[in-house]
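Two complexes come next, and they have one chain in common, subunit A, joined by subunit B in the first and subunit C in the second.
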Partner chain A sequence: MIDFKNVLKSWMLVSACVLAAGVAIAEGEGSIELKATAQKVVVVIEEDGTERTELVAPEIVVPGDMIAYTIDAKNVGAKDVERVVITDPIPEQMLLVPGTESSEGATVLYSVDGGENFGREGELTVLGANGVPRPAISTDFTHIRWVFETPLAPTAERSVRFVALVE
Partner chain B sequence: MQRNLQFKQVGVALLAGFLLSLIAAPSALAAGTLAGQPILNSATVTYTVDTVLQDGIESSVGGNSTPGAGQGTPTRFTVDRKIDVQVSEVGTAVTTSRPNSNDQVLTFLVENQGNDAQDFVLTAVDGSGNTITLGTAFTDDFDATLSQTIGIWLDDGDNAFDDTLDTEISYLDAFPVDTPTRVYVVRDIPATQANGSVSIITLNAQAVENSGTSAAPGVALTEDTSTNVLEDAVGSEQIVFADDDGTATQGTDALRDGQHSASDAYFVESAQLSIGKSATVIRDPFGNANPKSIPGSIVEYEITVTNGSGAGVQTATGITIADDLSSEMSGAAGGPRLAITLAEYGTQLAGEDIEVETNEADGSTVVTSTVTAAADSDDGEFVSDALNFDNVSLDAGEFLTVRFRVEIQ
Partner chain C sequence: MASRWVAHKWEGSTMKNARRIASRLLGVFVIGLLFGPTAYAVGTGAGIDISNSATATFTVGGTPFTEDSPTEVIRVAEVLDVEVTLLTVTSNTNNQVTVGPGDHNQVLTFSVTNTGNGSDEYALSALSGPGFNGSGSDTFDPTIVDIYFDDGTTPGVFDVDDTRYDPGTDDPTIPADGFITIHLLNDVDLTVVDGELGDSQLTATSNDLALFPGGAVAGDSVVGAGDNTGDLVLGSTGAMADEYGTYLVSTLQFDFDKTSTVLNGFGNAEPIPGSTVTYTLTTEVTGSGTATGVLITDDVPANTTYVAESMTLNGVGQTDTLDPATIDDSNFDPVGGPLNNGSVTLDLGDLTPADSVQTITFQVTID
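Presenting the complex of A and B:
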């Protein structure tokens, strides 16, 4: 008979050892440096009437403003990193602006249940007001996830980004 | 290097994409995130090295490579105070009023579209020759009278003005977001106001600090244009004016100035009476073809009272016509004297002293009748050298003609 409690305990012990080993081996460093930046999207109207967007520090932010989140992943280790998956929750007070999430070199997945399950756009459903499932739309998304299609070589850097609106 | 360059290009493409996405951006809920609310965000990466799954790494603003929960630092900023108020006129129509009517009501809707409760100072500004379009264009030409203390009332929730239920106010206290509320401007219309008169009044709502007490409104707000901070202490968030320029054509309201306004107008509908009088010498004692004004000549007086046919003209009732000739009768010594004759209406019949003609607006019907000069039960009399005719009612466009003849003494 398998003692699940002991299995769990020993697994936790092993995990702790690995973590401790990791600290010992690389002074606590992993192979990826992850950097996140939040910037406010400002639309500047030029004198000739054309518009361009600028990203500025989110110093003054009010409802209706848009924030661009940029996440930079850099391989700081000595080996290729593979199966890189970046997950970012969409802040509770914000809504994803559809079409702003970067998708170059990555499969983009979404969650509508607080990060429990992920799926591609169009695969997810939520319960409608009448209790009947309906296709999820961008305002239903709670998390966004990028699954990199290719490994990241040492020193290589890759960024993902999305824009969300402050409710 | 090549890969980095490639991602830079992706970044440029993304930026270009923002413009397009602005159009498709989901609309924020009107209430919005409350001022002072911090917004945090932290990404996590998982990966494998040599097919071995590594512990997750949280993001930090400066870059984090230490695995484990709590090793990263989230991006963080505070939602600032958005000041956005909207005043609108209800009904897209003027308020039609009669002269000499009190407590006439203009209805406005005030809504706090910011992200926190604020006090809003309300002012009603009289027009000054300005024009508004409510269906058609109206140009201000008088000021309705303020007989109350403030003349601005807060609706009690029944969407109807009632001075026993509503509250007269000069400011909205701690007015919450997303609660469109009716505010009434209440004035009187002077008795002398002519038909078609217009009084435009602008209701202005100025956001001020939420004083925290209903006793008085807070101090004026100024937009923060100075040092920007990412994280503001609760209660001292930076202030952003986000209001539109109001529709008012009077007052100081402008784009993003912490205030908003709208105009409405009283349009006075009344009878539009005019009166004319003519005199024609119809016969002299010598039978001249062109009779002269000499003693013994007969003069016909014709008085015409007309009610106008313009927009909004109302029926006039109880019209009294008075023509006192006593001053002429007792004029300068030796001057001409006038006196009614009772037998000068052509084929005069008994009792046909004064001829009355009523003309309908469309000209289709003319009713002619006669009344006696005596002070009796009919509507006309000529007593003590004065004509009096009363009990006249004229619809819009109708006119009444009264004729009587006198002999120069």
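Presenting the complex of A and C:
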């Protein structure tokens, strides 16, 4: 049974946090501005036959297309921002293209249970078709998380990125 | 133009390719991770919105905060694609439908599959006659009769309850990843001769193709014309597909012969009680084509008694009991035949002119 009273309580707690964040921005103490950009990965063939990959606006997206998600985190406050953790769900209609997630200056973690629990690649398991746990692979990932190794100084900006395939 | 865009063939886009392209983009070395084969049976439906929003948690001076990014929404465009496939003709290894001179309403059966990601309406058309030679070996021209939907009582088989297709009036709507079965009927001219081949083709064209200007190629799009006011994209098939089937003229001849020899206890051929009569049945197929499921049955004559286990096929002894596991199945039915005097049956399966003469023998004794 779900304990609705507790759920409500925790929801109120979350609301309080959000409010607090709003206050923080207003006071200019230190805050992060988060921007997410979706771009389509396209291959351009030059006249000499060489291939080049480009990112373009995702105007027309069809199954099989690859979308690069870039998340820019900028410290718009006056103080250092510490313990920055960026979490992005991999849309349910998409699959993470393995090896495309950026990892510079961050520890990359994954979730296979809708963002409940996170672990490093290789640590996670899912139930296989036969009911026996097997190592999780990139198609099992529901969320990706970057834990920044260093604080973000005022005006500093850092980006993370992953590419996903539209199923 | 310095460069051109390449439309991704989404149904052929493998994760391996995706990794190759993406790794080049990001300048990273992509490790070959475990990755199961990804099949896009249909792909994400046309007009579906893919939303994404990132969340950051952080602390400032020890106080935790949470910040969400604005939500990015991508609307999946509608891809127009179709495939036409000739259904397997089980009676012929070359997938040809065997016909005879002057045959009417000979059926080629196709499936039309919507390989796009949205529901679409298709026009069907048939092609035959002079100037069409799909197989390259076409020597006669079947005469198109009609196109029928396979919506009758026997799925996959043309029957009287199937509905005739009326172009423009009942163009079928097929959901994404769905398919319909279509029968294309042709008549065969009386003048055709054994071994001739005739091709006939079925074409399915998305009615939405009319929204594109002439000469449109895969990857071209029409803004806002897709499901949920998303864009409409011409898929790799160009929203039009065709496939042909071939009729094989076969004047299959079935030659059957029966002889008997008598041997009595005196070593001569006088048929007296106790004499053994050996019946020899020969079967030969000539012309072209395949005689399927050839079953030879012969009655044991009155006033004779079948000699147990006396059946042979091409010199090899056969059992009297049904044994479906063996290819050349034989059976003696003690009360078979009009006289209830017993009958023998041998299943020869499929026979072609390439098979040698099939020789069956069995013995009876005169009562």
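Keep in mind that, in the parts below, the second predicted complex is superposed on the first by the 140 of 167 C-alpha atoms of A that agree within 3 Å, B and C clash if a C-alpha of one lies under 4 Å from a C-alpha of the other, contacts with A are read in each partner's own complex, and residues count from 1 in each chain.
Just so it is clear, a residue touches a chain if its C-beta (ideal position, glycine included) is under 8 Å from a C-beta of that chain, and two chains touch if they have at least 3 such contacts.
It should be emphasised that the depicted structure is a prediction, and the values quoted were computed from it without experimental measurement.
With the C-alpha superposition on subunit A as described, subunit C and subunit B clash in the combined arrangement. In the superposition on chain A, contact of A:32 is made with both subunit B and subunit C. Of the two partner chains placed by the overlay, subunit B and subunit C both lie in contact with A:95.
Contacts of A:135 after superposition: subunit C is touched, whereas subunit B is not reached.
Contacts of A:46 after superposition: subunit C is touched, whereas subunit B is not reached.
In the superposition on chain A, no contact is made by A:108 with either subunit B or subunit C. In the overlay built on the shared chain, the residue A:158 is in contact with subunit B alone; subunit C does not reach it.
Touch criterion not met for A:126: it reaches neither subunit B nor subunit C. In the superposed model, A:63 makes contact with both subunit B and subunit C.
Comparing 99-107, 297-305, 333-341 or 351-359 from subunit B against subunit C in the aligned model shows that the clashing stretch is 99-107.
On subunit A, the surface patch touched by subunit B in one complex and by subunit C in the other comprises residues 18, 29-38, 41, 43, 51-53, 55, 58-64, 66-69, 71, 73, 77, 79-89, 91, 93-95, 97-100, 102, 138-139, 152, 161, 163, 165-167. Within the complex formed with subunit A, the residues of subunit C that make contact are 2-6, 8-13, 15, 18-19, 21-26, 28-31, 33-36, 38, 40, 42-44, 48, 50-61, 63-72, 74-77, 79, 117, 221, 231, 233, 235. Across the interface of their complex, subunit A is touched by residues 3-4, 7, 10-11, 14-15, 17-22, 24-26, 28-29, 32-33, 37, 39-51, 53-55, 57-68, 72, 74-82, 115, 224, 228-230, 238, 240, 242 of subunit B.
By the touch rule above, subunit A contacts subunit B in their complex via residues 18-19, 22, 28-38, 41, 43, 51-53, 55, 57-64, 66-69, 71-74, 76-77, 79-89, 91, 93-100, 102, 104, 138-139, 152, 156-159, 161, 163, 165-167.
Residues 14, 17-18, 20-21, 24, 29-38, 41-47, 51-55, 58-69, 71, 73, 77, 79-89, 91, 93-95, 97-100, 102, 135, 137-139, 152, 161, 163, 165-167 of subunit A are the ones that touch subunit C when the two sit in their complex.
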